[in-house]
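Below, chain A partners chain B and then partners chain C, in two separate complexes.
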Partner chain A sequence: MSLRTALSSSQAHEVQKQFARMLVAPAMLVLLLVAVFPLIYLILVSFQGITMMDNSSDFVGFINYQAILEDTRLWQALWHTMVFLAIALPLELVLGLLMAQLFLDQLPGRQIMVGLLVLPVVISPIVAGAIWSLMFDNRYGPINQVLGWMVGHDMPLLWTIKPELVYPAILVAEVWQWTPFMFLLLLAALANVDKSQLESASIDGAGYWRIFFRIVLPSIWPVMAIALLIRLLDLFRLFDIVWTLTQGGPGTMTETLSIFTYSQGFKQFETSYTAAVALVIVVFLSAILMWALKRVELSR
Partner chain B sequence: MKFRFDRLKLSCATAIASALLLSAGMANAQSAAQKAVDAAKKMCNGKTITIVWEAGLQSLDPKNFSGPMWEKLTSCKINVVEVPTAEMFTKIMQEFRAGTGAYDALNVIPSWMPDLVQAGALEPLDAMVDKYTYRDELQKIAPTYRDNQMKVNGKIYGFPDDGDVFIMYYRKDIFADPALRKDFKAKYNYELAAPTTWKQFSEIGQFLTDKLKAKGTYGASQFREPGYGNFMFQERFRNEGGKFFDANMKATINGPEGVKVLTDWRNENKFMPPGVEKFGFVENLATFVKGESAMTISWPPYGRFAAGYIKDEAMKWVPESKVAGKVGYALPPGGHPELAAGFALSVASNSKNKELAYLFIQWLNSEEISMQRVQLPYTLRDPFRDSHFTSKEYLAKWPDAKDYLAALQAGSKTGLLDLSLIQTDKYEEALRQGISRLWAGDDPKAILDDVAKSWDDTTKKVGLDKQKAVYSAWAAKGGAYPK
Partner chain C sequence: MNRLPLAHRLRQHLRLLLAILITLFFLFPVYWLAMNSFKTADEIYASPPVWWPASLQLNNYWVLFKDGDAVSVWNSLVVATGSTVLAMSLGTLCAYSLARFKTGGDHLSNWIISQRMVPPIAVVFPIFLLYVFLGWVDTYIGMILLYTAFNLPYVIWMMRGYIQDIPRSLEEAALVDGCTHWEVFWKVVLPMCKGGLFATAIFTFIFAWNEFLFALVLTRTEVTTYTVQVTHYFGGQSNFWTKIAAMSVLGTLPVFIAVVFMQRYLVRGISLGAVKG
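Showing the complex of A and B:
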């Protein structure tokens, strides 16, 4: 290549790069405004002593972070969140997979059934919580009514008050709403499994479970992993359904991290402390997300 | 000649003086409502006043009645921002901190006033009260509300505008039943009547449930949902002799009085309808007006709803009263009812139209306009001026209105103020959580020990001396503790 050609080529490349930067610039600006600047502001506020009740905005160093370590209510909220996560996530996965398997074949009315099954995911979580609040109503709710028919006498169970019932109530509502999400993703993944492999394995005498664990699962794993990751992040931020059913009660028995953070920020008006808590959650979840994405990448 | 001229000068001076006196008299005779309207007309110029109001029925007052009337009289527009009660304090503080000036006038619950004043969110009103000569009319507000829900540190920050007070409603037909009266007297050796002590309440409640449950009526129902239970606890705790704090500002809510209240509540639930633990305003109302409970305690609207005279479209959600004409009214046991929330009209310190906002709230709160507003069937605003309790029009609304208003007035005289400190909501939140734990089965003493600890932690955070000063000022008020 002559020097002139090389120079033209490198100039053209530079022009191309600049053009690419120009195209990406608006999106970067929006990202900065929406994500980065608020994050920087959050970090600043977390090191101050701001509450809504007075004008002070002094820097207080790591006091808020120290308070996080000593705040038993926060750690209890984290525990409650982990309990919901540990129960709801596997349930949603297993039920979603079962439903996906069921609807894999082209059955009559399949599209209508799938459409109906997916409805809960379309509803706003606050509305879903309100629906289940009515369902679980101790006097007029259909759940107690049906239970009463089954046992032959009134069953005025206090689903959103009694400690032994609040967790099942919340989990039922949560699983009801989000299993269809798993179902949809896994249905799509299962539909893309190589049928020739399944047929070959079957011809070779492999049983159902062997085929499932050796062929189907590895095939759908990337999609399943993403679905699990999304639901994990959602469950970590669990708020709406718990808020409408119990508001974190009785006491603080079902208070999740999100409800705790909301309470600190908007009821207790501890602005800087809330910022510190939010930042810790962001860092923690970001770490999980990066680790998980790396694992998914490696598994490919 | 000189003498005639002097006489002429004297006559003129007298005439001028008389004219001046007459016009001054006429100005003073002009109502506070009219003064507000006349002043607002000169200032409006198409301006809009934004007022924060409780969402739901309450906001139908400025939306359907007072707002349109004010607009017609002054050409000032009114914009109503509806906010659920649980979010009102937050929204007011957020707006204040944001400094947007979005709100001009506010409805505030009086127990929030120390917090809002300390933060600087409320405008002191004394100067405008004097400018528009409203002090005289403020004096005609019923003393408990006037003396306790208007001022912070000696300055006026709000006009009491809602005579909330807990009243006992009971089925006078059931209490008058000869067979029941005979059996009750035989068992308990006193007459079946509206209970004056909580011991009597329990005995009567259990007795009536035993006798009437088969017919679908329980002896009593109560607010038990934590948000409402908070007020019921504050009332009963003090009627039992309890004090919230000792002289050193240490919480004493976990003393024997507090434990007794929670223990008694749990025992009383046994003769109340199943699921009473979840009863809030609507559930308790439905139970009472359908005739499913013989006694309850609640705010004044229950009396109006139970009377069954309201036929307004907005009230279609209220179950048809099956107890119209059968309801008696009394003070709750202990004789000192909780004033339970209430509302005061204030001006936001960030408002860009402070004087106009002030004129609107003066007009709303005036004797003339408030008399109409407290009689609106749909707004839940309760009588708060002396004249409201004796209004001929109100007394004629239903046959027992006289007894109803007398009970409200008696309650306003002996009523107990809601606890009001700096960051009151943190104290109330701890109490609400404690009540929810009670229904979950936790031990009353353990619950209240935790509540007391939470209160002490909050006091420490606010500043012991600072909070003690506020509490001492509150406790010194006539309505803080039963006399």
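Showing the complex of A and C:
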């Protein structure tokens, strides 16, 4: 018996509808409060002229948005974020995919190793940052020690201070933490590739790369796309790891968009300007999201 | 194995060796953190580094408890537990409605998951101003409500998936037998998705437990969470490595234990339900 016949009377249908709404209401209330209130408030404040010195709530038009265009520090922060994204995301994808290939077939101790590789993913990014500042410490860290052994003399490299070393340091920490994320998702996806299809292709004489691009990649693409989307959004708001390793320094060399916004709002107290920046970020990201969610099969 | 040609066996051994090396590479930093938490200050500030401490002394942890810094772990526990309970309750109800009655259609579901992806930095600023107004900065209630809202989209999205996996016929049978919608939810749906509930709750807990930016902005001294506490030990001149290491381990231990119990649901949990384990 189907649900529809069981609830054939319109009264029962009305009861069900009411029930359905009642279940959604509390969660929606919380979400609307947290999603809609900040947005309205941001719009309002971004057109005012509130700073640390000036608490007046007069409307000043588009001055704050104009300031965004002229703020080189902001554009640099966006650039830094893009650099992290453009290097870390492909690295995590390729390394994760290679690792997934390596662990795909049976290996002694495979389950234990995969279980251990999960750990970086669930560690707090703050702790991951702490771990890597320990690793990179110029005098007491094991990395400089090992480098010293390899070259035969002391290597007191200032990983978190020297301009040419901060990016590699942050990227190593970032890639260390999130490559296993890609690995786990891609391993699951690779395990679901149709084996018989692979076999018949190789019997037909198709080479490794041909099989990969024609059969494997299309099959794992839905999962890969979601993994990429999740990581893309995470990297776009990169904050924690950079915060523990360099705090955006030296100077503002590694300042990401999130760190820039934080320091505008909570260190310089440029209230209205921060609101404008935050709003632009939200609008920009929502556009990307809407575009992506249409293409990625997130819901079943 | 022995019947396989030599080249094949050699390749298998190479694969295993490579796999072990990779695992060690990803584990060593965690090992290093754990070891440093047991080292004496002399051993930490030794150059060349001490690869294995002389004894597993617990003084670094003892200092955290003696000075009261360990309270931050307690704060994390209160905030993460409170928000998990709230988000799971509200979220599962909402998820059931979305999954079974198609409330709001795909648009509502997509809107909810997109809320998950809004960068915290954009939200935290107006919320901070609101909390100043309400007097909620540096309070349990403020942090619990914030993390509840922060995790709700995740809970709704994941639980919607788990509920969709349950065959509908059971609920229909129960309705025909005269159960009310509430009874169906409590007695049929919830027991059927116990595993998913459990896994989602653990993830929700971990997200709140590990969160930093909201906690940095919205706590001062009373409800400082462990992530914020860790960053307090980084100084301009020098870092308190003994405390950083010990506090980090205290904060990471519960997460590791949790992960052991939900290996089966892990991939589904971190892929936002895209990969069914």
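One rule holds for everything that comes next: the second predicted complex is superposed on the first by the 273 of 300 C-alpha atoms of A that agree within 3 Å, B and C clash if a C-alpha of one lies under 4 Å from a C-alpha of the other, contacts with A are read in each partner's own complex, and residues count from 1 in each chain.
Following the convention adopted for this analysis, a contact is a pair of C-beta atoms (placed from the backbone, for glycine too) under 8 Å apart; a residue touches a chain by one contact, two chains touch by 3 or more.
Keep in mind that this is a model prediction, so the values were computed, not measured.
Participant: Check the residue A:G251 against both partner chains and state whether it touches chain B (first), chain C (second), both, or neither.
Facilitator: first
Participant: In the superposed arrangement, which partner chain does A:L158 touch: chain B (first), chain C (second), both, or neither?
Facilitator: A:L158 sits against chain B, while chain C stays out of touch.
Participant: Kindly classify A:M99 by the partners it touches after superposition: chain B alone (first), chain C alone (second), both, or neither?
Facilitator: After superposition on chain A, A:M99 lies in contact with chain C alone.
Participant: Considering only touches as defined above, state whether A:M53 meets chain B (first), chain C (second), both or neither.
Facilitator: A:M53 sits against chain B, while chain C stays out of touch.
Participant: Could you let me know whether more residues of chain A are touched by chain B or by chain C?
Facilitator: The partner that reaches more residues of chain A in the superposed model: C.
Participant: Let me test your reading of the model: by the given contact rule, A:R139 touches which partner, first (chain B), second (chain C), both or neither?
Facilitator: After superposition on chain A, A:R139 lies in contact with both partners, chain B and chain C.
Participant: Touch test for A:V15: chain B only (first), chain C only (second), both, or neither?
Facilitator: Second partner only, chain C.
Participant: So, does A:Q268 touch the first partner chain B, the second partner chain C, both, or neither?
Facilitator: After superposing on A, A:Q268 lies in contact with chain B but is clear of chain C.
Participant: So which bits of chain A does chain B touch that chain C touches too?
Facilitator: 139, 266.
Participant: Which residues of chain A touch chain B once you look at their complex with the stated criterion?
Facilitator: Against chain B, chain A makes touches at 52-55, 138-139, 154, 156, 158, 160-163, 249-253, 266-269.
Participant: Across the complex, what residues on chain B touch chain A?
Facilitator: Per the stated touch rule, the residues are 90, 93-94, 97, 115, 118-120, 226, 274-275, 277-278, 283, 422-423, 425-426, 429, 433-434, 436-437, 439-442.
Participant: Which of the residues in chain A end up touching chain C in this complex?
Facilitator: Against chain C, the touching part of chain A is residues 1-3, 6-7, 15-17, 19-21, 23-24, 26-28, 30-31, 33-35, 37-38, 41-42, 45, 99, 102-103, 105, 107-110, 113, 115-127, 130-135, 137, 139-142, 145, 176, 179-181, 184-185, 188-189, 222-223, 226-227, 230, 233, 236-237, 239-240, 243-244, 257-258, 261-262, 265-266, 271, 274-275, 278-279, 281-282, 285-286, 289-290, 293, 297-300.
Participant: Spell out the part of chain C that touches chain A in their complex, as residue ranges.
Facilitator: 15-16, 18-20, 22-23, 26-27, 29-30, 32-33, 36, 44-49, 51, 90-91, 93-94, 96-98, 100-101, 103-104, 106, 109-110, 112-115, 117-123, 125-130, 145-146, 148-150, 152-153, 156, 161, 164, 168, 171-173, 175-176, 181-182, 206, 209-213, 217, 227, 230-231, 234, 239, 241, 244-245, 248, 251-252, 255-256, 258-260, 263, 266-267, 270-275, 277
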